[in-house]
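Order of writing sets the chain letters: A, B and C. Residues in each chain are counted from 1.
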């Protein structure tokens, strides 16, 4: 199995490289000039040219790409065009809020979705089943920012229970951390919850109709025991798959959530960088995303072996 | 004694009972369909309603959706302006009606484009071994960038227009279709009847047409409806982030984006397009669910 | 940067994130402010964004500073001498001025800072450099300008608030090429920049510098004693207006620089929040035309738009229904300032003449070519103006091509002198701070020298002649007459079309006092109970 994983890791390096090349070439041909933004309204065309030259933006594409690649291999992600800060520093500042948000969202969604899916499967075909699934689909159908605004209005402005915006690190206390993150996590979690509830129900139905479950029932094992011990273990594999796939969807929602609740995370950093053409930051973030994607996939595959002993590499 | 009887569809049915009991209720064809597939019926009819609204928009709207009247900006709903007016004095109701055109077009076009692109590449990858590795690496690369960020980056390449939004979202969505089709192709290629077809000299395009495509149709249709729903939400998100369709063409997404700063004081600007978008996406999702349940009962229990 | 540095910065950042924030002593010593935009960098010479200047006002001090009447007053300078022919200026710095690293401020720091600033200031600095014979430090506290030709308006240049301002930096930092960014923010002002707590796009922190010596006089804008009542000022970047509003209502922030006009009624109703006009000098909206290519290279086509343009529509679109916030502007200069004039402004007054506009267009030979209208949809002011323009041009029968872009792309595309169908443009929108339109001196957008003018490249000899005359005017009465004629000439040649005069509000919590209205947020003499 170790050989498998080594092979997997080696195979992903071309992916990452390819992504880097793709993004880099995209940006190179995109209009929009950071030098013009920097130079400002009063600047003359000559000023803009001089700034562009001093940023090295007038050199050919391949030169810039390989120079950047060379630096990356030495651990240097470059410097932001706008802030003059190292890209790695800017990313490091923003990782914690995004990771905190995604983790809390995951925990919340799982704890709501799995019971939902189980109940729906248990009461398969009845009104409860349909209702649960309707609620789940609703979560999937509303834009995140609408939900975000509604939650903020209700819980922050009207009831005054929670703050409207901001992020507090967990190192400053669990309660302040949760107070800031609970609304964004719920807004974002609705999507995940929908997906997870759906898949839980589907796999539970599958498992429940299997022979060995009927045998267990016949033997008299308590119903709850059957569900939670046998069925969930089998459902774990597809659930983990969805968690992995949904990860990318979640980042899309996270970008919006970070905007609405003013959370200083990676999503907003990337969108701002793209809109301003802060190339080094965009490249650095994209590289980070590729690595994360690869890691998440590897982790998912690893988890498979834990949940399903039949799967071996 | 065994009393289970299996019918054509693989369902277990009760054995026929003596005539003592009354006849089972006979439903008409349509009612029967609705009873058996409520999600398809509900989803399909709501979607159909939205399509009709889109088609008949010029008759349903009360004024020109792009007509400015800054003197009458941000008025609440009234007899003249059923959904109120926005920050430039435009009628929200008419904009929402016309907005259905954009949102539905984006949804359907992205679904179609992503399906075509994904199917083509999936077939290529499935059949050509050496291209398979390259194509799959490229798909992996595309999938590793979160969809919305990829779409924003693509929008940044060019000026905002509905066509570009469609292309941007489709590029973000098609890798999954490609994977799906490739998976089907790979699994079918091992089937004896396909191997036999190849051995007997049938040309690849014919094999694709006769054996592969019919089997991809079902999962593809299901996937396409979900892509449609995702694209409609994606358009709204792009507009929210400032990279969506230009405001001169109203879409539910950009009506909401323009009005979002005011939602505390003039909630109707965000509320009405949100309701329409939510209902439509809900309908499409339900349609997808129903199709999946109907087309392959086995699929219903899996993903 | 080497791998070691990479690791060091990441671990450094990580530990900083993990370190508990030191309990803030008495909240009344901390001010939480929401600026108008993101503070992406802090080099006020390198970039001319207003938000950077606003932050820089805390960190660096200036030689002179304009007061609320826009009269330059000495700030870091103790006294000056000027010869009768305005060719030699000698300045002496105040004693005891220090930088944040406790080094004294010397004349050569001033000289280096002025040298870095001159080539980037297109309104006055560039001309100063051209007319300068020598600029040197005479001793540790004295420096001298020697001009080839008279330059009477030097004090205004040294103390003006329009970007780039002449901030005094240490010589080693000011030695940086003006087209490259500085990375060291050691300053001469009342607050220090806390670089470690800076999260670009999210927040910035300023801390009081105990070694700052404010002047004795009362503060007025950039003049007088900058006394700080806060130990710490936190800038929170909240780009989502609804979130910023909620934060102010909830008391999570103390002061919001730019509340959007539609939310102001809600804020006015909120107990605990005060709303007032931000800057009496306001802003002037701009409908900027490309004079190089047809149809607008013909003055008749430009006049067609001018007589059809309805400033009320634009102003309502930009600032909403509150009529105290906007005024029609039949001229180019800021209302309620000494040089304001309406001479020649008839085309923008009275009922709009759509038919005459169509006629003028026909005369100018317009044949329905697409008109490229660049609209930056990510900035509320330009988007609102762009939407109104699209409608206006349609009404006078033009074939509008609404090109939705972001501000950065507009910034790039407007620099192109190519024909509109080859990557150029016909029209774009922007706005100018009223403080920059009080006279021809800071007014780059009014320059009509053709090829070397601002984007749009208007060419009008009449306007240029009047500007030159104004520079040599001897007193206010003479200036007023010249400006009147200048306004008329600019109207006739349609240098650009002002879309109106508008102001914004600012909003703050009731427990803040001392907030004044100015073209930029003034932090000194503000206190919190």
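Assume contacts are C-beta pairs under 8 Å (C-beta built on N, C-alpha and C of every residue); 3 or more make two chains touch, one makes a residue touch a chain.
Not measured: the values here are computed from a predicted model.
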B-C against A-C, pair bridged by the larger set of C-beta contacts = A-C
Query = Can you name the chain whose C-alpha mean lies closest to the mean of all the C-alpha atoms?
reply = A
Query = Can you name the chain that lies farthest from subunit B, using the mean of each chain's Cα atoms as its centre?
reply = C
Query = How many Å are there between the centre of subunit A and the centre of subunit B, using C-alpha atoms for each centre?
reply = 22
Cα-centroid distance, subunit B relative to subunit C, in whole angstrom = 47
Remark   = CA centroids of subunit A and subunit C: separation to the nearest Å works out as 39
Inquiry  = Where in subunit B do residues touch two or more of the other chains?
reply    = 156, 242-243, 260, 263-264
Query = What are the residue numbers in subunit A that touch two or more other chains?
reply = 31-32, 149, 157, 259, 275, 277
Key: Where subunit C touches two or more other chains at once, by residue number   = 240, 242, 246, 378, 405-406, 409
Key: In the complex, subunit B residues that touch subunit C   = 66-68, 70-71, 73-74, 87-89, 156, 159-161, 242-243, 246-248, 260-266
Ask   = Any idea which subunit B residues touch subunit A in the complex?
value = 137-138, 140-149, 152-154, 156-158, 229, 233-234, 236-237, 240-243, 256, 260, 263-264, 270, 274, 277-278, 281-282, 285-286, 289, 300-303
Ask   = Mind pulling up the subunit C residues that touch subunit B in the complex?
value = 240-242, 245-246, 260, 262-263, 265-266, 312-314, 316-317, 320-321, 375, 377-378, 383-384, 387-388, 390-391, 402-406, 409
Message = Looking at the complex, which residues from subunit A come into contact with subunit B?
response = 12, 14-16, 18-19, 22-23, 26-27, 29-32, 133, 137-138, 140-146, 149, 153, 157, 199, 202-203, 205-206, 209, 238, 248-249, 251-252, 255-256, 259, 270-271, 274-275, 277, 282, 286, 289-290, 293-294
Query = Residues of subunit A touching subunit C in their complex?
reply = 31-34, 36-45, 47-48, 50-51, 53-54, 71, 74-77, 79-80, 82-86, 88-90, 92-94, 96, 149, 152, 156-157, 160, 163-166, 169, 171-172, 259-262, 264, 268-269, 272, 275-277
